[in-house]
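Below you'll find the structures, each written out as structure tokens.
Each of the next two complexes has chain A plus one more chain, namely chain B in the first and chain C in the second.
Right, the complex of A and B next:
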């Protein structure tokens, strides 16, 4: 495959996988939020906050997409790795790897949605568990943050601006 | 670097294919497993928050009149069921509470995923078995069958019709086409006695439940099987101990045992063949139910099995409660809620009956605290 394919794939997968995972995560937590609110409207505020947690992964995906497009020159100039040389393929592969890292770690949005969903259930039963629910759900976020940091290192040191 | 461009792309493409296949499979598996329980379980947890506290029961116990008792239930989920009652009586309140319970089962069936709501339809049938056994027993004993019926289950109309029959043969006509027809026919022909009839009804029911559990997968199978095993063990242990109290022989007890519990055949055989109740209790001490027996030992030795029934209920509730903590997005949550709700309704019915019988609030509090 040409370098353009790897670079585009990297950008698309970073935003695509993370975005899809976020939507699944929010979907799972959203269903739980609807269930909690159906029984008691007072659960709305707590449920809304927990439901929103899995959205962050899609933001990380979007940041990575912009970075990949920027360093490869697709954004703001001509594409830098058009020629299928060994060096360009490796740089393309690094950008694909960075995109994949964010995309795959972004999948943590799905378990985060599941944790949020269980948390919404717990908060509906006992509102005092709200903070604990947030902390449990936020634990899944760490993987996505590690992924983003790793991708940034790969982009900056492997390809550079 | 001496690696060919073609080799690099081949490695990358293969890696991508493997990673995506694995991730796709795992993601689909997780989503299939948990997503369907997201809505119902959060809703059930919110419903759990409205279950009555000890303080609420205490307030209800102080109602003094049934009118006050109903007034105290005005701000609860029972209000719609109680508001249409004219002239309060414990019996009318009983029926209203049964309707609330029936609607709760219907709601569970409606909101739970298809892959597990069939279990709740089957659980509802347990009321058919209870009602049928109670109605037939009352008819044979010459009691008023209607007094023993709970208006819950999938064949309430048939059960009511059975309660109104004048002869035992009429019951057979009503049961025609149901799965209970054959076993009732055997009872009519004196091939089995009343106890065996009841056991046979439960056997049919638990066989259906067990085959349902075995058709499930993963966590669902594990949770439903565990729940059923606990319930079957409860029935078997109660049957054996009751029989031992009445000094029945192993041959007479054996047909009343329901298969499928967690107690293995060796323990069941030993229990059947021991001479008396104390030896049966000693044998059960080495099983998972030792704690249950310890709690009710004194009462048991004086011949009172109601304490054991209560301890068993508590034990089952605790075990399912543990499962809800371990599997928060699973079928354990609705099972646990049903157990809690049934317990609550049982307590409310007892309070209503005690108020009607003009029992003092202090005594009611003591009774509902101890006896249930």
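Right, the complex of A and C next:
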């Protein structure tokens, strides 16, 4: 395959999978938030913050997409790995791997949304559980963060600016 | 700092006639946590008639306050109200005894309650009437398709007339069955509307019992026919006139309620607060012991307040009192309430410690360390001078606006203020001002590390910070356990990890040629042996636990990589916004530089969004690093928080006659 295929697949999968997962997560949490607000409008602020938590995975995906576009030269200048040499294919494949890492670990947005929605339910019954709810939801994000760390190392050391 | 307030146990015996005043005094001071007196020779105290009345008035008053509160003119809301809330004036009340207070409240209620109840009742009945009229209008609109005089749809002496709807597919079978059951003695009119049939059926009164089960079988939905004569169209007009009249009346009643709210709401909530506090006092009586003449109470109080409390108690009881003050003993360890003690700069961070749980009396309070590391981690993860500035300015405004309230927002803003300082500092180190906005504009800014290009360096820094943080945790744990005599546990559970960390650190340095590798390996080895010994007590599972706990430690350590990931996420999002802005910056439609206008909006909106989302991330993950990784090394948080017997005064202020 040409390097461009690897590179654009990497960028697309990073932002695509993570973004889709985030929207699932936000969707689950948003449904719970709507219920909580119906119970008492004061829950709005707390519910909104909890609902926003599963959104971060899509941001990690977006950052990865931009980094991939940046290091491969698609953004600013021209595509650097146009020729299908051994080295360019390796670099393209590394970028695909990085994108896939972020995309797949971004799936953690779905369980995070489920935790958030339970947290929203808990907060509407007892507002004091707000911080605890956030911490529980933040647990699920750890995997996405590890994915981002891994991908960043792959991009920076494997390809470089 | 590091240790909670020293607590002493207070025991008081005095005469019953001073009880009410003494309780009120302690309630207003709010520095004693009252505990149950163990009752063996005396009996438990119980609320008297006035305390019981206070309890019921408290509930009744809060209902009235709720009703009138809905009609009260709203205070200024919006951003200004949030940033700079107006202080609520506190009305003074001269306290003589609960008896006179209850009597005063009753006198007031006698005047106000009937007035408020009357308006409430009028409001309710008018609202119900309006609802009924609206339902009638809806029914009439439905019936209007039949163009039948409404009076014909009313039952007469011999005829039973029912109107209602039935599903489309059930209509024909229902009519057929009715005809069969009633042998044709039935008349009906029908009309199809929206997938259902509207039917008016007339049957003989004598046949009604037979028809009823059939109607029920086909789930015939009955409609109550409104009173009146004429076609539905004519009647609707009549009802609409009625509706307008009632609605006008409702508005008048609401005006009346507003006037009442103006007149009574503040006084009501004033008395409600007084009664609520009396109720709390009544509940506390169960913890007291009493005889015919005397009562006894006991509780914990911080040592620094003891002098003031003793002096106050003596004054109120005119010296007719026995007071015993005991220092905390080892037996009480589980029982002593914890009040954290920290200098002003670390005080706001007590909120974070308390959210997890306070330490036990003989443990170390981690708040001063946390105050520094929490704000530093927050800054490291946000890493942008301008973002720090924005958060700092907002937090400073909130601190100023909420100063007189000392509420949760005030404490939280102070935490943010410290965190924003580190954010700005780290922003300068990384040379990040709205990401790389300045660099893009061609301005050179000095920086120590480039977050993007030096990602690996940032990761290494993050991991070094992490291992130091864990090392501090294990060291505190070691000191606490050693001092409390749990020397074996201190050696195996804490020292082991301290040695392992030192070993890892020295080994890392030896790679750079600074120290020798052999002693590093030796120290790591000793630590590891201690760790293995600590796990051996688990018997058969030891081998498994050694593996899982060791990798648990590694996992905790690597978890600090999030410092780097979130720092990069911040500069990443800022970078994305800056790239987008620079792409549209140059767009022109004719001579109009539309790109600049759109670009500016995108830049401001985007950067504000980025500030918010990244600050949320930094807040959450800094918290997590402390609760999960840091506290996991040494902290139990199993202490009991000091909960003083304290009055709640938002709109009232008590002055005591002594």
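Heads up, the rule we're going with is that the second predicted complex is superposed on the first by the 161 of 161 C-alpha atoms of A that agree within 3 Å, B and C clash if a C-alpha of one lies under 4 Å from a C-alpha of the other, contacts with A are read in each partner's own complex, and residues count from 1 in each chain.
We adopt the following convention: a contact is a pair of C-beta atoms (placed from the backbone, for glycine too) under 8 Å apart; a residue touches a chain by one contact, two chains touch by 3 or more.
Computed from a predicted structure; not experimentally measured.
Once the two complexes are overlaid on the shared chain, A:138 sits against chain C while remaining clear of chain B. By the touch criterion defined above, A:96 reaches chain B but does not reach chain C.
Chain A has more of its residues touched by B than by the other of chain B and chain C. In the superposed model, A:104 lies in contact with chain B only, and not with chain C. Contacts of A:56 after superposition on the shared chain: chain C is touched, whereas chain B is not.
In the superposition on chain A, contact is made by A:114 with chain B only, not with chain C.
In the superposition on chain A, contact is made by A:33 with chain B only, not with chain C.
Those residues of chain C lying in contact with chain A across their complex are 355, 452-453, 455-456, 459, 558-559, 561-562, 564-566, 568-569, 572-573, 575-576, 579, 613, 616-617, 620-621, 623-624, 627-628. Within the complex, the chain A residues that touch chain C are 49, 52-53, 55-56, 59-60, 62-63, 66-67, 75-76, 131-132, 134-135, 138-139, 141-142, 145-146, 148-149, 152-153, 156-157, 161. By the touch rule above, chain B contacts chain A in their complex via residues 1, 3, 5, 8-9, 12-13, 16, 19, 23, 27, 30-31, 34-35, 38-50, 111, 328-329, 333. Against chain B, the residues of chain A that register as touching in their complex are 1, 6, 21, 24, 27-29, 31-36, 38-40, 43, 47, 84, 86, 89-90, 93, 96, 100, 104, 107, 110-111, 114, 117-118, 120-122, 124-126.
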